[in-house]
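Heads up, there are several structures right after this.
Two complexes are shown next, each including chain A; its partner changes from chain B in the first to chain C in the second.
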Partner chain A sequence: MAMISTARPPVAGLSQRFSVLIVLVALAALLFGVERFGSRILVSLLAQAIIVSALAFGVGLLIRVSGLVSFGHAAPFGLGAYGTVYALSGAAPLPPEIGLPLVVMFVTLVFFLIGLVISRLEGVAFSMLTLALGQAAFVAATKFRSLTGGGDGVIIDMPRQLYGVHADVLQSPYGMFVVGVALLTLVYFALSIAECTQLGRLAVAIRENEERVRFLGYRTRVLKAGVFAVSASLAALGGVLFALYQGFVSPEILHWSFSGSALIMAILGGTSALWGPVAGAFAFFFLKDGLADVTTHWLAVLGITLILVTIAWPSGISGAVQFLLARVPALFAKGKGR
Partner chain B sequence: MLINALNGLVYGSLLFVLASGLVLIYGLRRVVNFSHGALYMLGAYAGYSVAVSFSFPLGVVAAGLALGAIGVLLDVVLFRQLSTRHPLVTVIATFGVLLVIEDLVRSVWGTQNYAIDPPALLSGVVEIGGAPFPVYRLFIVGASAAMAAALAAWLRYSRSGLFVRAASQDPSVAAMCGVRTALIGPMVVGLGAAFAGLSGILAAPFLSLNPAMGSEVLVLSFVVSVIGGLGSFSGAFISAMLLGQVQAFGTVHTPELASLLPFLLMSVVLIFRPQGIAGQKV
Partner chain C sequence: MSALFRCVDIGKQYGGLVALQGISLSLEVGRVHGLIGPNGAGKSTFIDVVSGRTPGTGHVYLDDRDITRVPLSERRRMGVSRSFQRTSIFPALTIREQLDIAAHGAGGGHTGELTDMLGLADVLDARAEEVSYGQQRLVDLALALVGNPRVLLLDEPAAGLSVAESQTLAAHLEEVAARWKVAVLLVEHDMDVVFRVCHVLTVLASGRWLVAGPPDEVRSDPAVIGAYFGSAA
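Right after this comes the complex of A and B.
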């Protein structure tokens, strides 16, 4: 029942430890290169992409682990962003350094509860429900003007310092890019470890055959809701970063077309690797930026790209990379075996 | 009060025509068409253009035919290619179709609002219970009821309707019995898309035309089919009528909450009956 591609049983070992090292070195080189050679437009594009990639990460994680497609992940993203507005306003009872992590935890909890209800649905019905719930959040945000400022949005009064970092740094593209890369790297490692645990495998087992797992005596609904909550918490993290970076939040980020964009990113990137949706987010932003220069019909081109990817190459960018990685070493193995 | 209920009926019957297109496609292909709202919008705009340069009835015919053709194309190009894959893959592909149609509408008709007058014959007002009520709204109810009845009669009594029902139940067994399922697909999806287009042009004089109309109505038609139970016409009928009334009375009594009410209704139904009103337990 694997929808697009499946999470393979991870193989831990020496090569895995090396790959962690390689990833870290590559990231450091990337950050250095961007700082040294990146143009202003490139860096601001990267900052936007890294923020939204947290959302795409969440959507992709749900597809990868649960096989469920969400059309409503703008809701946790928006809730995270509006939560940030509140945590940074004078009305909040706690200092923002404690408040911001609490915002993410709060959204996680809310979506765990929502997950308990909507994980009763499967497949397509689940997707439709997430779309409707996401749109309900959008409508709510435009209606309750006292909290959200309605359609006009709210401006955040940024504190001078956050976690000892000057607010200007967080609102500069390069600063946000560094923060985003650091946080997402942490999340990535945490999730790849979580996938190897018993719970992680159980979640995949539920995707494959929920009834059998229930027969084994597990409460599948709680775990399903848990996966949903984790994927929502990633979106909420994106929302918090978005609010900090923009200094301004409006209901637009709750609109379902935003959820749809995140889904496109996840599909473009593919979900056969954990990092796929993140790669998809970067591809999306560069594609959109490149297309906007060439044609005004970038929306249609995006749609056609999506259709072509689903028909011709459903495993996306990460699938392509894995495909190449599996083939390339064979080319260098001189006549050994194959 | 009576006027409110009538307005709810008008709205509900539009939703039902729209949702029955969705149900028709879902029944055969097990795919929820995310481009359904976009098809509705395209029907409204295409019908509008024909109605302005020729006449309203011609606009209705044109919308139905054009969208039917698009539906046939959609089935042949997309649904059939993806029929062996997981249904969610097709759902994502229809999302791509939605983006293409939205872009098409924006570039052909722009982003401004359009309004269209109902034809002269239907533009008057009748007294109902001492209050004026536009004739056109009654016409919407009548036309929707006629379309629904025609669809139901076709599915139940005609030979091709029988084939559609058979193929919806089990395509491979139907094919073994000699039903040409290759023809059923384009026919059903074409009809479903035509229903979307027809409800678009029917709604056009009643609501206004703008590029956001498709996504609004898509979400509502999803609410209708989820509450009713996926793939069930009778369930969709009950929930469309219910939703129409909720919408009509909601806007009068709690204007602040009105647009949230459908979602509340849906959440309540799903908590107690996750398979919907008429859905079967899987």
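Right after this comes the complex of A and C.
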């Protein structure tokens, strides 16, 4: 736990502005490149990565803003996925276009209420409680067969169109990749703006010195629960995308090992930039895919990679990029001086 | 002058160890009340208990209203503020950002006059981790002073400061108490600061009340000398 970097994110700075620019350019290039040159396997990998990166985004956000490590974010992801099953079923009272955002909002509300209780805890106690909650959701999903299909899972009854988009597009790798990139980019900019508000700074203050914030006149528990809920909503968004793309949901996505994978992605990507966990998710999928071609023991190699990253560069990919970006102006200055 | 902030029969026990026993004192508007005593006397424990940081026994009154069980956040809005023995600020935020947060938490208040008085105006846009330790202590004090509190509980504000910085701090405390009409409780080891700014002193020893009175009387009290230097003195 101590190895996970909860390094202070810059509140606003040159490197962060560079990061935004780089993310936008990289995304545009990625979408263009994938459409023109991407193989079927590559696009499929990207689609899976963008879906799970929403979960990693949520886990990373919680680390970045609150300094809390969750081992149970598969639960909001799974709730989002099962909620999608319900929203798209004939039993839902509302059309899917309204039902799907309500699913995310419902999960957000549920996790806000949970957050009010568990955000009193810190460190290992918080992590263990999220693990317990996640596993409780997993067990519930396997036991309540009438609702979840139990271990067999449940097939989604996809409508012909959603938001004017043909269901085939949402279930095609490139279509889902584009939808995922668009949604996460929106979320990214919304959170970037939120971080620069008084509320965002207050969240940083709570992470740095919660007791002092309480002595300054704030009820910190509500804000911490809010951050927990927002991070859960990102996971739920990932769950919705997962269900739409796969057309099938089973309890496996609620298992703690899935939460663990999301945590690995967040650590690989680092949390010193908002986009870090997303980069970590892509790195995770490509590493996993590449290693699986070479050895059946890919998990061991991934584990060693994780150890090396946390020791050598605890701020992850995003920390490394920010480190390099911070030195670019100095390199130019040196070049001019010659 | 009537007491604005009264602490009655304050006690604290850690298992079998009595850290504080039956301590009572009152703070008055515009006056600095010093709380001194040797290490382990219970001074910081007293501030922790009366500020609500640590549970204890006894009662705390503000304007004769019992605020013993009032939550921390509400106490601040009622005008009770405190600083900490160790610098307790927000390193990643700029000084301006953290003062804005403090002002909002206290229910409003301008920070301009405060930063001018404390000499922080030139470093407002620096992150707290980038300024000197002395300035960090002043930021700590500023956070406690934002929003014009009525009661200020200060736990060793001069700890780690140079002699010159301590004297500057003492001048600020005198001004805060007198001009802003704040009732101040000062726990401090720096006796130069204590005897310069305090109007009345209470001395603790081993968690118990030893003596109280004007600084000049306390300074020459045999019980106080004995507590600091041993009974042989």
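We take it that the second predicted complex is superposed on the first by the 307 of 338 C-alpha atoms of A that agree within 3 Å, B and C clash if a C-alpha of one lies under 4 Å from a C-alpha of the other, contacts with A are read in each partner's own complex, and residues count from 1 in each chain.
Operating definition for what follows: contacts are C-beta pairs under 8 Å (C-beta built on N, C-alpha and C of every residue); 3 or more make two chains touch, one makes a residue touch a chain.
All figures in this text were calculated on a predicted structure; none of them were measured in a lab.
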| message | According to the stated criteria, A:307 is in contact with first (chain B), second (chain C), both, or neither; which is it? | response | first
| field | Dominant toucher of chain A (residue count), chain B or chain C | value | B
| message | I'd like to know which partner A:102 touches here: chain B for first, chain C for second, both or neither. | response | neither
| query | So, does A:215 touch the first partner chain B, the second partner chain C, both, or neither? | reply | second
| task | Name the contact category of A:260: first (chain B only), second (chain C only), both, or neither. | result | first
| query | Looking at the overlay, what does A:201 touch: chain B (first), chain C (second), both, or neither? | reply | second
| query | If you stack the two complexes on chain A, which partner ends up touching A:125: first (chain B), second (chain C), both, or neither? | reply | first
| For chain B, which residues count as touching chain A in their complex? | 26, 30-32, 34, 78, 81-82, 85-93, 95-100, 102-104, 106-107, 215, 219, 222-223, 225-226, 230, 256-257, 259-260, 262-263, 266-267, 270-271, 274, 282
| query | Across the complex, what residues on chain A touch chain C? | reply | 8-11, 198, 201-202, 204-205, 208-209, 211-219
| query | Where on chain C is chain A touching in the complex? | reply | 51, 53, 71-74, 76-77, 81-82, 84, 88-94, 97-98, 100-102, 104-107, 143, 147
| Tell me, which parts of chain A touch chain B in their complex? | 1-4, 67, 69, 71, 117-118, 120-125, 127-129, 131-133, 135-136, 139-140, 143, 256-257, 260, 263-264, 267, 296-297, 299-300, 302-307, 310-311, 314
